[in-house]
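Two complexes come next, and they have one chain in common, chain A, joined by chain B in the first and chain C in the second.
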Partner chain A sequence: MYFYLSPVYYLAQEAAEGFSVVALANQLVNGIGIVGILLLTGLGLAITFGVMRIINLAHGEFIMLGAYTTFVLQSAFNLDLLLTIPFAFIITAAIGALVEISIIRRLYGRPLETLLATWGLSIVLQGVIKLIFTAQLKYVRSPSYISGNLTLLKDAQGTPTVAISYYRLFIVIVALALLALTGYLLYRTNLGRQVRAVTQNRSMAQCLGVNTSLVDMATFAYGCGLAGVAGAVISSLKSVAPPMGQDYLVDAWMTVVTGGVDRLVGVLAGAFLIGESNATIAYLLNDPTARVIVLFAVIILIRYKPEGLFSIQKRG
Partner chain B sequence: MNKPNRSPIFGGYSRRKFIKYGSLAVGTGILAACSGGATSTGDEDLGENPIKVGVMYSTTGTIAIVEKSLQDATFLALEQINTNTGPWEGNGEGIEGRKIQKVVVNPDSNWDLYNQMSKRLIDEDQVVCVLGCYTSASRKSVLPVFEEKDSILYYPVYYEGNECSSNVFYTGAAPNQQITDSIPYCYENFGPRGFFIGSDYIYPKESNRIAKAELETAGGTVVGDEYAALGTTEFITIINKIKQAKPDFVLSNLVGDSIPAFYRQYKDAGITADQIPIMAYPTTEEEIQAMGPEYAEGHYTSFNYFQTVDTPENKAFVQQFKEKFGDSRVTNGVMEAAYLQTFFMAQAMQKILKEGGEINTKTLREATRGQTFNAPQGLVKIDPENYHTYLYSRIGKWGSDGQAEIVFSTPAAVKPIPWSQVLYKGRTCVHGSPDGRENPIKETGKDLETKYLEKT
Partner chain C sequence: MTQTIGVAQKSKTPTKLAIVTAIIFIIMAILPFFIGNFQTSLLSKLLLFGTLAVSLDLVWGFTGILSFAHGVFFTLGGYAMAYYLKLNLSAEANTYGVALPDFMVWNGLEKLPWFIAPLQYFIVAAIAMVAVPAIFAYLIGWFIFRSKVSGVYITIITLAISSALTTFFVSQQAYTGGTNGITDVSELSIFGANIPLIGLYWMILIFTTAVLIGSWWLTQSNFGLILRSIKENENRISFLGYDVASFKIFIWTLSAGIAGITGGLFVPLNRFISPVYLAVAFGTQVVIWVAIGGRGTLIGPLVAAILLGQIQNSAEQVTQDWQLIVGILLLIVVLFIPDGLVGSIVNLFDRKSARAK
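Entry: the complex of A and B
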C-alpha cells in the first residue's frame, strides 16, 4: 500500500512522527536567530529599494564587503569584532557613495539599466575581492564574551531543551537597534525629512532648496553601510568568501518585498514572518522543503498583494 | 504640460515590471556566463609539438573555492612535468621532449557549461584528455560527452560510486575506500546511534544511504537523516533536531560553504566533540582552516590523504605547493588526487611515446590502466579492471592546529569497488578488454573481499 501514498500524506506522516511541543518551542525561539539575520540583511535594502527605489542587485556584495572589512581589521590589527562594526559601516558606506556618484546617479528613472548595472557591479566586486584575497574561505573570530547559550527551559535531567545562543540574540539586538536608528533618522530628523521629500517629489524638493544629489548620495551610502554592518555581524557565524553575498540577496529581497517596500515596519514584519515560518516548517518537515514552501507562499502573496503586507495607501 | 506628479525614481515602475526585468537579467546572465570562461593556454614556452590537455575546473561560482585548489594542484603537477622537477625529476622536460600545453576552461559552477565546455575541449581544441570536474553533478553532466566522443576524463574526487565507464579514470575514493572503514570505527568508538546529515544532492544522499546500510549491518541504527539545500549556511533546525535525537555521533556529508557554518553553529549551540563527535567525509584541511581550527577540534574526517601523512613524497609535495602558492595554504585529499592523477596521465603518455605510439584515446586508456605512482599518500595504482584507483583509507582526528592526527590507516592501498557490497552484493565493474566499451558491470554473486595493493 505504501506505493500509493500521496507525497502530501507522506510528508504529513513524517511531520507527525517527529513532533514534540518542547522541541517546537525551541525551534520557534531559535527562529528568532533567523529573523535577526533577515532583518539585518533586509534593512539596507529597505533603504536603497524601499526608500530610493533603486534595484540594487549588488546588495549582497556590500554585505560581503562588510565581512571582509572585519576580516582585514581582525587579521591585521587583532581588533575585536564589535570594534570593527563602525569601520565596516564607514568603509561600505564610502564605497556605496562612490558607486552612487559613478553609476547609480546616472541611471535614476531607468530601472532596467540600474538593475543590469548593479548586477554587473556585483560580479566586479566579487572579482576584485577574489583577486585581492583569493577564493579561499576566510574566518573571523567571534568575541569570547558573546559565547554560550541562554537557557529558557530545562528537562528533568537538567539538560537545556529550549535555549538560544547569545550570539544569535546579539544579532537580533543589533538588527533592532539599527531599525530603531534608521526609523529615527528617517522620520524624526531634518535629513530624513529631506530624504523623504526628495524621493516623493524630486523637482519640488529641488525648488525648495534641497541639495537632491547630496541627499541621494547620503541615502544610498547609508543603505550600503547598513549592509556592511550586516556583513560584519554575520561574518563570525559563518565564513567569509567572495560569493557569500549571493546567499543573502534573495532572502533580503524576499523580506523587503513581503513586508511592503514603503515602510520600515514592513521589514520587521517580513523578517519575522519568513524567519519563523521557515523555522516551523523546517522543524516539521525539512530545510529544503521549508524553503520551497516559503518561496511559494511569497510568490502567491505578491500575486494577490503586490504592495506587500504593510504599505502606505496611495491615492490614485 | 501634463507631466506626471511622480519623480522618475519613485514611481517610474511597478513590481510587475521589476519581476519582468529581473527575469531578463537572469537570462542575460546565463548568456554572459556562456560567452565567458575563455580558453587560456598560458604564455610559457612549450617548445615543439606540445601535447594538448584540457583542464576543466570552475574558478568562479559556488564551487570555485574547492575547484580552484584542484586547479592549483593540477597546475603544480603540470609545471613539474614540464620543468623536470618534483616527482618528475629524472624524466627530462616534458614527456619525451614534448611539453604539455594546458587548455584551461572555467565552467562557472554551472553543470550545463561543463557539458558544453567538454564538447568544446574535445571538438575544437582537440585535447587528448581532460583533467577536471568536482561535483557528481558535473561529472554526470559531462559523462555522455566523453562516452559519445570516446575521449578520456581523469576525475579526482571521492564519490558515491555506482558508476563504471571506460571513458573515466576515477582517482578519488570509491565508497569502500572511505565509508566501509569509517562506519565500523564510529560504531566501536562512539556508539551505535548515528545522525546523518548532508547537502541536498546526489553525493551526500547516496553516500549516506550506503553508510546507513553499513551501520545497520554492523548493528547500529540511524536516528535521524537531514539534508540542507546546497550552499545553506543556516543550521539552527538541523542542530536542534540533533540535540533532540541525542545520537552517539553525527555523520556529515555537507559540502562547500555549508561546512564552516555548520561546525561553527554546532559549537555555538553548546555541543562539544566529546558529547557528539562529527565524522565527516567532505571536511578537509581547507574547510578547517576556513572555520578556525577550534571549531573542528576533536571531530573526525575519513579520507585517503591528510597533510600530516608521513611520507617523504608528501613532505616534498606540501613544501612545493606552499612554495608556489604561499605559506598560508594547506593541502588536502582532493587536491592530492588531482595532483597524482596528472602524473598517472603523464606516465601513461610517456609509456606510449617510448614505445613509438601515438597519443589517442585508445592508447591512453591502454597505457593508464595499471599505472602505479608513489603519491604523497603512499603507493597507489589504477586498477586495470575497473579504472578506479587503489587508495589508502584513513581516519584523522582534527587537532587545535587545524591538522589531523591519523588515528586509523589501512596497511596499504585498498582495491576500489565502485558498488557498496552491503547494498549490491557481488556487483562490480570489470572492463573486459582495454578498448572494450560493452557493458562492464558484472554481477559476480560472491562476497568481494577487501584486497590490498601488494608492494612490488
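Entry: the complex of A and C
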C-alpha cells in the first residue's frame, strides 16, 4: 500500500495549526514543491498523451526506472544525484524507444488497446525490477548542497516563519528548465516541426518525406526520458521501490488533463492549479480531504471541459 | 470492428446451451465434495471475481465503456456486508462492553454513527450492498454520460474516482477501519441460521449462474442490440432517435449493482474487506480478466478469472513473481490475440462453420 504516500501527500505534511496568514503563506510557498513534482511527472505524459495521443499507463514505471538508475549509479560509482540525471534520461529514453518499436507501434489509432498494453508493460517492468533488485526499499542520498531551507520571512525573534527547502526549489527549477527545453524542441527546431506535422496529419507528413516512424519513436523515447529525469530528481524524496510509479500515475494524469493536452503551458497551469489548491485546502481542512476534493474537482472539470482548461478552441 | 458473440449466443433455440449450462452447474455444485475446503473457498472466491468481470464485460465488452472503477463498486457492496457481519459479532461477543466494532472504539467513537446503525439488520445490509454501489454509479453515470466526455476520458475519470475513494476510506479511520479495513467479521448467518462454507459456495454458484443467464438474455434482447450499436457507432444510434445516455446509465448502474453483490458475498468468504479492493490495482485486475478472457463473450471473463486465479495460486507456491506472468500474458493477448482467449476460440469455430457452408 503506497498510495497514501503519494507525493502530494508527502510534501503537504507540514501543515500549520490554527489559521494565520503567515502559516497560509508558508503552506502556499510549500505548495510550490508539489507544483514542481506534478510538473516534472506530468511533462513526460504531456508528450506521450498530449502530443502523440498514447494512453501511457506505464508512465509511472518509467519514473521508477529513472529512480533506480540513480540508485544504481549512486551505489556503484558514488555518483552525485545531479550527475545521474543525464544517465536516467538516456536509459529510460532507450527503454522507451524499445517499447515503442516492440509494442506501441502496432497499436496506433487504438487508444484503449494502448492503454491495456501499457498497463501490461507496467506490470512487467515492476516484475522485472523486483526480480533484479528485490522488493526491498532502496534509499538515495540527496546532495548536501541542496539541503537546508531558504528563509523568506522571519518573525520578531528571528525564527523563520515562511521558508522553503532548497530541494523543493531545485525540483521546481529542474521542472521549469525541462518545460522550457521541451517547448524549445517542439516549437523552435526542425525535429519539433516534424513531430507536430506528424501528429496533425500523418499521411500528409509522410507524403512530404517525413520519416514518421522515426519521429514517433523519438517522441515517445523523449517522453519516457522526461519521466526518467523526474524519477531521478524525486528518488531521494522517499524510498525507491518497484511499485513507486503507481503513486505518481494518477496525479500526473490529473495534471495533464486539467491543464489541457494541446499545449505545454497547460501542464504548468494544471500543476500550479492542482498543487496550490491542494496546499490551500490541506491547510484549511486536512491532507486526505484536500486530495479527495481536488480529485473530484478535476472530475467535474473533465466533465465540462474534456479538453482541459487551456486548450485551443477547435471548430466543429 | 467485428463483434465477438459467443457461438451459443447465436443459436436461436438455446436448448443446447441450457443443457450444457445445466450439466456444468451440476458438476460445479457437487465439486466441493471432492476438492476439500481450501479449494472450495478458493473456487468460491474465483467465481465471485469472475462474476465481477462479467459485470464489467456488460459495460466494456457490450457498450464500450472501459472502467477501472469496478473494484470500487465491489468494495462498496463489500463494506455494506462487512458492517452487518461486524455489528453482528460485536453484539454477541464484545470485549469492550459496548455494541461497537473494535476499530470504532480504538478511534474514539462512543456510539454507532447514524448512517451505519441500520446496517445491523440483515435486510438493510442486503439492500445496501446492491443499492449503495448502484446509486453511486447512477450519480457518476448521470454526471458523465450526459456530456461530451468520450471513451478515454471516462476511463481516466474512473481512475480518479478509484484513487479519491481509496484516500477517503483510508483517512476516515473511525468509520471505515482505515488501511486495515474491517477485519474479524463473523460468519454469515441469515435470520439466526449459520451458513457453512458449502452453503456459501452454493449461494455464490447460483448467483454466478443467474448473472450469466441474465446477462446472456439481456445482451440477446433488443436492448443488447442497442448497447452493441452504441459501442459500434454512438452517433448513428443517437441519430435514430435513441437516448444513448439513458442506455449507458442503465447498464452502468446495473453493472455496478451486480459488482456490489459480488463484493457483499465476498466478505463472508474472505472475512475482511479493506481499501486494497478500492485501489486502482484491483480495478485493473478486473479489466485484465475481461481483456484476457475476451470482451463481449460473457463466459470469457469468468473463465479468465478462474484460470488466472488458479495459475496465481500454484505460482505463488513456487515464486512471489506471479504478477510478472500476468503482465506478460496481458501483453501477449493485447498484441496477438485481441479478441481474448474465449473470443478467439469462438472466432475459430465461426470460421470453420462458415467454411462448412
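Methods note: the second predicted complex is superposed on the first by the 299 of 316 C-alpha atoms of A that agree within 3 Å, B and C clash if a C-alpha of one lies under 4 Å from a C-alpha of the other, contacts with A are read in each partner's own complex, and residues count from 1 in each chain.
Following the convention adopted for this analysis, contacts are C-beta pairs under 8 Å (C-beta built on N, C-alpha and C of every residue); 3 or more make two chains touch, one makes a residue touch a chain.
Please read these numbers as outputs of a predicted model, since none were measured by experiment.
**Q** Identify whether chain B and chain C fit side by side or clash on chain A in the overlaid structures.
**A** Pair status: clash.
**Q** If we overlay the two complexes on their shared chain A, which of chain B and chain C does A:I103 touch? Say first, second, both or neither.
**A** A:I103 sits against chain C, while chain B stays out of touch.
**Q** Between chain B and chain C, whom does A:G148 touch in the aligned arrangement: first, second, both, or neither?
**A** A:G148 sits against chain B, while chain C stays out of touch.
**Q** If you stack the two complexes on chain A, which partner ends up touching A:P306: first (chain B), second (chain C), both, or neither?
**A** In the superposition, A:P306 contacts both chain B and chain C.
**Q** Taking the superposition as given, does A:A163 touch the first partner, chain B, the second, chain C, both, or neither?
**A** first
**Q** Which of the two, chain B or chain C, is in touch with more residues of chain A?
**A** B
**Q** Touching A:M254 in the superposition: chain B (first), chain C (second), both, neither?
**A** The second partner, chain C, only.
**Q** Counting only touches as set out at the top, which of chain B and chain C does A:L237 meet: first, second, both, neither?
**A** first
**Q** Based on the superposed arrangement, let me know which partner A:L137 touches: chain B (first), chain C (second), both, or neither?
**A** The answer is first: A:L137 touches chain B but not chain C.
**Q** From the options 61-69, 79-87, 133-141 or 313-321, pick the one stretch of chain B whose C-alpha atoms clash with chain C.
**A** Answer for the clashing stretch of chain B: 133-141.
**Q** Shared contact residues on chain A for chain B and chain C?
**A** Of chain A, residues 55, 111-112, 115-116, 119, 130, 135, 246, 257, 286-288, 291, 302, 306 contact chain B in one complex and chain C in the other.
**Q** Can you name the residues of chain C that touch chain A in the complex?
**A** It is residues 66, 143-144, 147-153, 155-157, 159-161, 163-168, 170-171, 179, 275-276, 279-281, 284, 287-288, 291, 320-321, 323-324, 326-331, 334-335, 338 of chain C that touch chain A.
**Q** Name, in rising order, each residue of chain A that touches chain B in their complex.
**A** Residue positions touching the partner: 18, 20, 23, 26-27, 30-31, 33-34, 37, 52-55, 57, 108-109, 111-112, 115-116, 119, 130, 134-139, 141-142, 147-149, 160, 163, 165, 167-168, 198-203, 236-239, 241, 243-244, 246-247, 257, 279, 282-283, 286-288, 290-291, 302, 306-307.
**Q** Show me the residue ranges of chain B that touch chain A in the complex, using the header's touch definition.
**A** It comes out as residues 5-10, 12-19, 21-22, 24-25, 28-29, 59-62, 64-65, 68, 200, 226-229, 231-234, 236-238, 240-241, 243-244, 257, 260-261, 264-265, 268-270, 286-287, 289-292, 329.
**Q** Mind pulling up the chain A residues that touch chain C in the complex?
**A** Of all residues in chain A, those touching chain C are 1, 3-4, 6, 55, 103, 106-107, 111-113, 115-117, 119-124, 126-128, 130-131, 135, 246, 249-250, 253-254, 257, 286-289, 291-292, 295-296, 298-299, 302-304, 306.
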